[in-house]
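I have placed the structure first, in the form of structure tokens, so that the comments after it can refer back to it.
Think of it as A, B, C and D in the order they're written, each chain with its own count starting at 1.
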Amino acid sequence: MRYSSKQIEPYGLDGHSLNAERLIDDVFGCPNGKVFFLAGGTQTNMVFISSALKNHEGVISTVSGHINVHETSAIEGGGNKVLTVNGKNGKIYPEDIDMVMAKHIDMHMTKPKMVYISNSTEIGTIYTKEELLALRKKCDEHKLYLYMDGARLGAAITSKENDVLPCLIGQVCDAFYVGGTKNGLLLGEALVINNKALARDFRYVIKNKGAMLAKDYLLGIEFEEAFKDGLYFEIAKKTNDMAQYLKEGMRALKIDVEDSPTNQLFVALEKELALRIVKEFQTEIWEDKGDKLVIRFVTSFLTEKEDVDDLLAFLKKAQ
Amino acid sequence: MRYSSKQIEPYGLDGHSLNAERLIDDVFGCPNGKVFFLAGGTQTNMVFISSALKNHEGVISTVSGHINVHETSAIEGGGNKVLTVNGKNGKIYPEDIDMVMAKHIDMHMTKPKMVYISNSTEIGTIYTKEELLALRKKCDEHKLYLYMDGARLGAAITSKENDVLPCLIGQVCDAFYVGGTKNGLLLGEALVINNKALARDFRYVIKNKGAMLAKDYLLGIEFEEAFKDGLYFEIAKKTNDMAQYLKEGMRALKIDVEDSPTNQLFVALEKELALRIVKEFQTEIWEDKGDKLVIRFVTSFLTEKEDVDDLLAFLKKAQ
Amino acid sequence: MRYSSKQIEPYGLDGHSLNAERLIDDVFGCPNGKVFFLAGGTQTNMVFISSALKNHEGVISTVSGHINVHETSAIEGGGNKVLTVNGKNGKIYPEDIDMVMAKHIDMHMTKPKMVYISNSTEIGTIYTKEELLALRKKCDEHKLYLYMDGARLGAAITSKENDVLPCLIGQVCDAFYVGGTKNGLLLGEALVINNKALARDFRYVIKNKGAMLAKDYLLGIEFEEAFKDGLYFEIAKKTNDMAQYLKEGMRALKIDVEDSPTNQLFVALEKELALRIVKEFQTEIWEDKGDKLVIRFVTSFLTEKEDVDDLLAFLKKAQ
Amino acid sequence: MRYSSKQIEPYGLDGHSLNAERLIDDVFGCPNGKVFFLAGGTQTNMVFISSALKNHEGVISTVSGHINVHETSAIEGGGNKVLTVNGKNGKIYPEDIDMVMAKHIDMHMTKPKMVYISNSTEIGTIYTKEELLALRKKCDEHKLYLYMDGARLGAAITSKENDVLPCLIGQVCDAFYVGGTKNGLLLGEALVINNKALARDFRYVIKNKGAMLAKDYLLGIEFEEAFKDGLYFEIAKKTNDMAQYLKEGMRALKIDVEDSPTNQLFVALEKELALRIVKEFQTEIWEDKGDKLVIRFVTSFLTEKEDVDDLLAFLKKAQ
């Protein structure tokens, strides 16, 4: 029962968590960023957004944004409206923001206060350096926070088409999170808050939302391991590589695959074949195009070459 | 200090409120409807929707719906997501509902649970009997509540194009409100809840949301007066008539006015003229069409023939 | 339809409201206070507290405080915990605050951030100048907001025992409200926010909570009338006077009345007599003391001398 | 990427979770109970209570209840008021409930709707069979839900003084949770909902509150292991045994230890000694009694005999 015997300090105040914070701040270029470990992506988005915004303030997102589509009203449950824009290729552009601002002009309408982007996006695209800098500038102009959902940040950074250095993320975002769950960790996301005002009392906020783990060091240990030797990006790179390997394999079979810089592939297939694939492989129907169905393939840290070969063999046989 | 001297029973339990409830239930065809008087439209929408829905349940509305555009996130502040559809002419159709249902299929997405319609709509259009019956049928199919925002219900019912008897409203809606504020009352809306389960503990809900007035009988008295001799519809009819009178006057001047069955008119005018009008008359720019600006004129219970003539004279002179 | 004809500017931006704001700021000694008119007391408390505090922050109140007992969880519905202290005579003292602060020391507990006091209190007592200054000092020490519920502020200020000048209220409170509903107005409370940071975007907040009236000028006109010639305090004084007149009358009848500086009297009576009174007069059982029942008499702006005489005659006859 | 290769079904729908559900339902006597795995105790309390209650409904708890003291307003953040009673020895009795019901009688006050008890309680006491049956009866009388916080349920069940069979828990409670975090698991609590109406759409609720883990099977696996061979109770029993061993050791040293049936011990010690202990051992000051300080010792699954001996040696030396 003496201190420093078998037990680690609980509630995120342990050495592993502090070390992971330092590593993450270094990589992402925010020496004074405060890092908080949370269990999942929806939780991270909800806890952060509802803490940063008051109820009359809204967050701008693409129609396809995770907070708009796949969080079962978690953001609205926390009291905030998601203000949607169409964007392009899953991304938001400065002109989208201008349009929202032009429409929300008085106290009878939600006051836009934050821009939410995902990188890589929900459809696998990535932001360029130029695009991120332009968004930051536009956010400054309208006094908006810029928040990046990094559930798939590893995939974005390790994409062959990426020109964004990790350290740029910390420079342009008021806050962002580094996704663990979708990048091979058991659970956990690392939320980094750069904007000091938004980090005030944040452990209270986490507890208030029921999001604090007693043995929070579990998350600290995971991220420490992920970042001390670059394992985080290794996993992400392999995941991307498998998607590219699958893409090339399908193109060799003359299958129509949309171009994608990361680990999500969208493939239009004949209805019958598509339904057979969905039944046997872990994938899902993305869109019904009438004569064809678009299938979404997502490779993960578990996907091996043999898995891809197996799928390609199946596709070849089916032709 | 004896009872039944000068003071009226507070908190909505007085004779005027009970009488107004009976009158409204009679007119709108819901003999067992529970009527609750609230101060304004946004409050009514927020209190009812947040009471009827749990946080994971959402309400379907047109993009132009008042709850989506003009309530400063009140619905989201109450915890619920507004699921938008484009609809047509400000109205929702069964196929819009089917589309929302087809997209929201599992626990990772908001569960649609209510359809919100406005009658007349935010752009002055009205629902037909056939349309309302079709919506009711579609709501039954998907187990959705049907809720009508009647801020402008008087204008809808007294429109020359209307084929909806007031008593149909009570038959098709789980709940609806009869707007007072926009129909000449000092303040107040009468929320009618037909679906018994949704009325449970509703006075507690009103108090919990800070929406209970001590001297609630003020609202009861207003609605008693409005409905005991048909004054409510008289006011609405006059309002519509003034809009039609304005429309005809403008058409005589060859001005391009969109057709409208109620008290809102949308008129495309040369930019310079439009800006002069907005400066001198109570109106607003609705849309910028490049070469022209669309102005929205709303007649009210205060609009007299001379007011319209004054505006028409101004327009004539400007030509 | 021209401007400045019959219609008054809606949503609280009219001349009456602005004039009332100036009058109230003058009386209560806060030249830069922002005044917002709301419909009722619970609404005012809920809208202000939920706007000033984040969800992990709590508000200190006596056990008997209106926000703790008579608001149907409106404060909690807005997301905030009421941290109760016993206090003394319905009032909070600096040592109560110290006790709460000593217990709430880390992120696993609610963070106290506001002190809520009522003046006069829920049992008719009033704060002295010395007590208010001591509370302000204690709040500064612990970085707490001081908020006064003035539903009965008129009764406090016009009490014969009062030594608090109205202008002290504005000096010691971050915010307070001047009660209209309990002081003869049809409806309405005037919330005064002195702490500039707490007034930011407050009209958005009001709208977001469904608390904005379209014809808000109604409240502006009421308060303008109440404060332009001192009517507000005249009404309050008369109310207090009637209570004192009743107290003296009862004491002449040897009835045991607790001392009270304002318009609430607590009287212990034999059970049978008490029940007869509750049946015939507008009053309520406050406490069951076994052999006796404590009855609470509240005089109002409607109470006339004859009403009191009528009650005294009844009591005399019953002896 | 084929199904049933390396990946387990995500989001709590896997075989381990289903098996754990069956095991827990068997042990606790609720064959139709729905089991949901959540990450921590505060989260479980908040998600369940805010789902079961509407905002005007409150939950009755002892003043010392975890939801009242140690959850940073999570329950209030979810919209619900905690209605406190003093209780006795950390426990609630039927007469406490009657008192709350007698005070909350109309729409101006929170409507009591749930009773929250902890077993073992926050101070280590446990409920008897008779007490639980009496609470169930009282809850039925007033139409209240009975919910048990079982963060320390293992300690309660394996206490030498316990007369409650596990299967009684399922019979008397509408819902309860079986604590993992405080009983040796990495993370996780198993919420069991017996009352079918309260389980409706509960996965949506979990997701809406940000409480769903993608790899939820982690919790399923933990609870499967904990319950398949009785490991859960073994751990709890050892924990209790260590506390009893410590108690006896301290009594042998004539130290004044309060009696406790589980793994929490409250010991009054001289100030100076108490402070030395708090510095060297994992414990905390519970209460300042002026001349003495009360220290709270909590044994855990990590506490070994040598740890206790070490502490006892320290105490002996200090005498």
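Please note the rule applied: a contact is a pair of C-beta atoms (placed from the backbone, for glycine too) under 8 Å apart; a residue touches a chain by one contact, two chains touch by 3 or more.
Computed from a predicted model, the values in this text were never measured in an experiment.
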item	value
Higher-contact pair (C-beta pairs counted), C-D versus A-D	A-D
Option reproducing the contacts of B-D, where over half of them reappear, out of A-C, B-C or A-B	A-C
Distance between the centres, which are taken as Cα means, of subunit C and subunit A, whole angstrom	49
Rounded Å distance between subunit C and subunit D, as computed from the means of their C-alpha atoms	40
Euclidean distance of C-alpha centroids - subunit A vs subunit D, Å	35
Multi-partner residues of subunit B (each touching 2 or more other chains)	55-56, 71-73, 77, 107-108, 111, 204, 207-209, 212
Subunit C residues within the subunit A interface of the complex	11, 51, 54-56, 107-108, 111, 201, 203-209, 212
Subunit A - residues contacting subunit D, complex	1-3, 5-7, 39-40, 42-47, 71-74, 77, 181-182, 186-187, 204, 207-215, 218, 280-283, 297, 299-300, 302-303, 307-308, 310-311
Of all residues in subunit C, those that touch subunit D in their complex	55-58, 69-73, 75-77, 79-82, 84, 107-111
